[in-house]
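Per-chain residue numbering starts at 1, and chain names A, B, C and D are given in the order in which the chains are listed.
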Amino acid sequence: MLSPRTTEGARFVELAERHAADFAATAAEHDRDASFPFEHVEAMKQSGAIGATVPADLGGIGVASVHDLAVGLSRLGQGDGSITIGLCMHFMAGWMLARRWQVLRERGQPGGPDAALKEMAAGKLVMAILNSESGSDNRHPFAEAKPVEGGYLLNGKKSFATLSPAATTASIRVRLDDGNGGYQTASATVPIDAPGFESLHNWDALGMRASGSHDVVLRDVFVPKEALSTPVRWGRLEQPGLVGSVAAATCLAAPFLGIAEAAHQAAIDTVAVRGKQPGPTPLREWGPAQSAVAESEVELSAMRGALDRATAMIDALFAARFPADPPEAELHALMKECQAAKLIVNKGAVSVVDRALAISGGSGYLAKSPLSRLYRDVRAGGFMSPFGELEAREYIARVALGLPPEG
Amino acid sequence: MLSPRTTEGARFVELAERHAADFAATAAEHDRDASFPFEHVEAMKQSGAIGATVPADLGGIGVASVHDLAVGLSRLGQGDGSITIGLCMHFMAGWMLARRWQVLRERGQPGGPDAALKEMAAGKLVMAILNSESGSDNRHPFAEAKPVEGGYLLNGKKSFATLSPAATTASIRVRLDDGNGGYQTASATVPIDAPGFESLHNWDALGMRASGSHDVVLRDVFVPKEALSTPVRWGRLEQPGLVGSVAAATCLAAPFLGIAEAAHQAAIDTVAVRGKQPGPTPLREWGPAQSAVAESEVELSAMRGALDRATAMIDALFAARFPADPPEAELHALMKECQAAKLIVNKGAVSVVDRALAISGGSGYLAKSPLSRLYRDVRAGGFMSPFGELEAREYIARVALGLPPEG
Amino acid sequence: MLSPRTTEGARFVELAERHAADFAATAAEHDRDASFPFEHVEAMKQSGAIGATVPADLGGIGVASVHDLAVGLSRLGQGDGSITIGLCMHFMAGWMLARRWQVLRERGQPGGPDAALKEMAAGKLVMAILNSESGSDNRHPFAEAKPVEGGYLLNGKKSFATLSPAATTASIRVRLDDGNGGYQTASATVPIDAPGFESLHNWDALGMRASGSHDVVLRDVFVPKEALSTPVRWGRLEQPGLVGSVAAATCLAAPFLGIAEAAHQAAIDTVAVRGKQPGPTPLREWGPAQSAVAESEVELSAMRGALDRATAMIDALFAARFPADPPEAELHALMKECQAAKLIVNKGAVSVVDRALAISGGSGYLAKSPLSRLYRDVRAGGFMSPFGELEAREYIARVALGLPPEG
Amino acid sequence: MLSPRTTEGARFVELAERHAADFAATAAEHDRDASFPFEHVEAMKQSGAIGATVPADLGGIGVASVHDLAVGLSRLGQGDGSITIGLCMHFMAGWMLARRWQVLRERGQPGGPDAALKEMAAGKLVMAILNSESGSDNRHPFAEAKPVEGGYLLNGKKSFATLSPAATTASIRVRLDDGNGGYQTASATVPIDAPGFESLHNWDALGMRASGSHDVVLRDVFVPKEALSTPVRWGRLEQPGLVGSVAAATCLAAPFLGIAEAAHQAAIDTVAVRGKQPGPTPLREWGPAQSAVAESEVELSAMRGALDRATAMIDALFAARFPADPPEAELHALMKECQAAKLIVNKGAVSVVDRALAISGGSGYLAKSPLSRLYRDVRAGGFMSPFGELEAREYIARVALGLPPEG
């Protein structure tokens, strides 16, 4: 398994392992009922894990390393991928807030998000990120922010509002008229109980069933001016925003490493103890079982190596440029590595779970088998933003070939 | 898609395509409820498809070609893999009865299964095959047949009693004391409503939810002497039985080709019509989508080619030796090809469905998407008898290396 | 291995097996020296194999089935891929001549290539096909045919003039001014000793070293009018020509199946006899060796199945439409299958040879090991006309999606 | 590309990049002639690179990090894999000497290899490692050391004596009678010009042709007692020796990463500049080329990540336990990761080079193309000690399953 590299990271990973054990105990039930695991969010407020990314000065654990955040998320994913994918959103939002706080402090500028971070550490701020929409990608939101007196009115429909049942606040990607017949994109921060914000409570999917990824309808939701982030050009992957996307790309892959690790452990446990029925040979001495175990070990090494290196590269580049943001060319070169790591993790995870089923034999195919849940959950990895599998390959090639990244 | 090679096969495939359209219409509902699609079995009795393998002289369609049987099963699998996998059992049992009938007729011997075949053509005999048990493989049944006056008493527990809700009769693999401290294996033919035969009605799995693959408990089920097949050594894959196993190996793979074909067609349909949002480029002109489509086309060609060739080899060998059974060495050489074809089909089918999901984007992951059902159904292929994926590789290697096949 | 389906095919395959044994005996030597195996072409003239495709009425073996031609070529490839790839060119040219002869005869038209076919059967006509050029693909030749009194003058440079050392005649793809600022493409039939035809005798490649695939320079080579085929549009894959391309696509893959079969047989032989040193376990009972053998067996089944099916589809379509050529849409649908089969064979062949090296251990890496030659030879498969690996995928996708095939 | 983590490593990598440029200039020539690149060994003596692992106190660069050693070797491999694989042997021997020196110094013990290390820094000691023998694996040497007055006489035959033409000294693995009917294994340090040490100068292989990996015959080669290392049990992978094997496993993979990086760069260069002939589309905007580039980028990320992580784990474990050797269980757990990384690098490297050929088109297949050399060189990776590909998988499985590692 991956190891944290910072003291704060080690503290988070330790908590993550503890919570993961609890996640595992309820995973089957929440999966069956598609119910949201509020109890685990509660427990993470109690343990302080919910404030993992909040600087220690503001009451949090102070995990600044994307690497260590990813390591912790992989551990949580071992327990239940579906609650973990929701928490990813919260932690990414928290990491970005903390980074802004640190940048402003370093520059001696006032106005940082102190209050929000303190609330987060206290468990009073839980953030969902509403980027996705049916029929478009994250760079091209159709939900609109129309300027009105003192702010904006938001209208539109978002999908995959993961973690929304437990969130107090949502970051919502919208587009704005740029005054020249085109659009800009920005994120609006909105209380989850704002008038006009309606969750359809309709999440019903193949897997990730406990993630609460409902559709949300926005009808004239008012947000004040300052609740909108600096806009970028519609359809572009550019700064500001690219820094967060880079971090998110790897953090959203981490839970799927955890899912694969859980499946492989189940396979190992099976092989270690079971006999190759009905004969006397223990399964662990049987060539084909060893061959399958080795294959998954090798795949896991590739997944861990790729994620380890990509996240360490993020930390290194951000540290080297801090408090500035790295130039866009460097961010795209980094994002290329992150997208490669994400593909490696997600393809590998599907393959490792598939092989765990082959090792388990027919009993793994029963609904009551944890493997049958992992098989469904693990397939979500390929759909994580900002690029699907097909788009990721195009992006990687374009950056490698020195072409404009967006195609 | 594969094409039939005989007139009778063409008739069966034509019917299969018609029934598959009806299967597709109810697949989502039966999957959700894990309900058994009795209406389709009924319709196949009406159409005569249920008697596909029954010789024309006895009122059936007369499909003797394993190739064409597999082609028809692949078409049925396009509609609903889960009812099709159940029908496989019935058709395999029917094919074996018909073969026996033909062999006996050719040899001029009396006592063939005329009556059973006529009943099958009339839709009054529907057969399930109960080979599997939890904790063993098909060659090592633990269910026992104990000799009593005039017959045997059967006791034990079978799993994966696919099609049993609609079956009138079950073929049940059991073991018998061989009088030397060892066992023999045989199959007992039992009416499904025999005293002591109890279905637990507990099938609840990741996929194949409409297949009715319940557990069955046998408590002192009496069968007359003649209801037991000629015994072979426990644990051996040998004659008689190997002929049927060879045919079954490929027929049990065919529905998974159909599942993959259905998923790929859905992907093609998506790519053909959808725009690459939000821009003006049609998705079909987008490199990564073309690349994914090509990959699945190539995989499907391998799957079709392997299944086509293996089943044609079966037909050729059986015809060359008819009415004798081929020697065991030839059957194992043939079985090696069949197991290879089955692996190619099953691994390819998982991969094609996975890629269809990648092409579809996130909407394919919703519970209501047909692809999310196909993703669950397709994974059952690897568990089909008599060899799981791991065992199949060992078997193939042993035959290729001239070693005793059973390891 | 694949089996022929016609009597003539069986005769050709039998001869091919005999010649292949001789090929194998000299393969190392011709590979080392990059010398041309004239002795084998001679022997095939003696045996009559050189006239495989010539109708029996004209003195040949009469193989009309593309399937059986491919089967024979796979056998020859087992002996020496590099002479076989040269023979492919001759046999394809011969097959096309024979098809024209049969079509004309069926239609009752005079003027068929009787004389050429008789010469071919007598071993006096050996044909090379000069389609390739450095810096372009086969559909876009730069070599030019300029009209002059009574015929044309050819100028240009061709590469990969495989078999040219033994050929008496070359079919050379050229372009012609179409009078509208564009070009047409046609093939010119030219004696290999025509004035202005110069082979550079410079073939020196990674593998296929005995294929004599020299560069050829054409300087004002005169051909009479009737030596030019009916032109098609430059850059298009269309009729006439598509019929031959379809057949060629699979026949050019067949030798690589043979190469893989030879490598796998070497691996099997190693595993069957060698001990797992230094212990007493025979290598054949060692799990990882069995696992590797099984993997290659499965891959070979996919390769054989795909090639078997694609070539049988060619025979079936051509027979169904005979004496007409199939419509272009049907030819493209068929070509899609052929290209898929070619990819499956070529990728699989590289993989099987690679695995044979892994099984052999370090000794296979020595220059004197046949495997090290097979490793070099097998990689040529991906470069065979008319599509490289990358283009093949695009073509397959375009046909599958109903787009114009050429992109 | 991978980055060094220590200052000494950075210095070595910088030198490595400079030497690699020179390697590249002569790679084709040495490959063609199978000549040994003495000039590059000379140049590395001049630059000091030859003493990379020698502590700075003794005149070397002081690279103690296995990670950074591997990074430097990957850079050298970009220039010429075949001289690099030879240098691996020297650097591994040097790293082990340096480690012993540091351990002894830390423990305050006298008798360290000061002199040898100083000679190495001065370019007067170049070491080859002669472990391999035809017909056995590295753990089971047949070459024997027989005790005589004051030392031992060595007899036997070693193969793959890589770097031996430039080496001054060889470390030779031998076996000794253990007095109980069994054997022990040890390494003897022998001057390359010792009486009875004869190189057959017969290296002639598929690739790695400039590595000088000749066979060596030992006839009564005398070595003094102290020239023999502490023996371990014959056939075991145990301490002492396991520490070095762990480091060697990754360092022997690193050059193959470099080979793949060179091939991929050639592919990128091709795609970046070439047009898709004959049309106006630049190749870099062509979907299939982008798809292939992305595939290799992803594969390289997996290879780099796995190697980066495995070597960092080596450094971390050795540092944590220093000056003690880690316990064997920890070393095996680490070796499992190293073997996985090696498989990932070697399989990935073969695949990346293969794809570079597909991208290059037919010109890459010519003997004069650098890709055709890389294709041959890269295949050696799978044969590197102490485990071939098949054995590596068994080892990984056994460690993962808690079984005795040697099988």
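Assume a contact is a pair of C-beta atoms (placed from the backbone, for glycine too) under 8 Å apart; a residue touches a chain by one contact, two chains touch by 3 or more.
Every value quoted in this text rests on a predicted model; they were computed, and no experiment measured them.
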item: Interface with more contacting C-beta pairs, comparing B-D to A-B; value: A-B
item: Chain whose mean Cα position lies farthest from subunit B; value: D
item: Whole-Å gap separating subunit A and subunit B, where each centre is the average of the chain's CA atoms; value: 41
item: Inter-centroid spacing, subunit D versus subunit B (mean Cα positions, whole Å); value: 51
item: Residues of subunit C engaged with two or more neighbouring chains; value: 287-291, 393-394
item: Contacting residues of subunit A [partner subunit B, same complex]; value: 132, 134-137, 140, 142, 159-160, 204-208, 235, 277-278, 287-289, 291-292, 350, 354, 357-359, 361-363, 365-369, 372, 375-376, 379-380, 382-383, 388-391, 393-394
item: Touching residues (chain side subunit B, partner subunit C) in the complex; value: 268, 271-272, 284-285, 289-291, 293-295, 297-298, 300-302, 304-310, 336-337, 340-341, 343-344, 392-394, 396-398, 400-403
item: Subunit B-facing residues of subunit D, complex; value: 286-288, 290-291
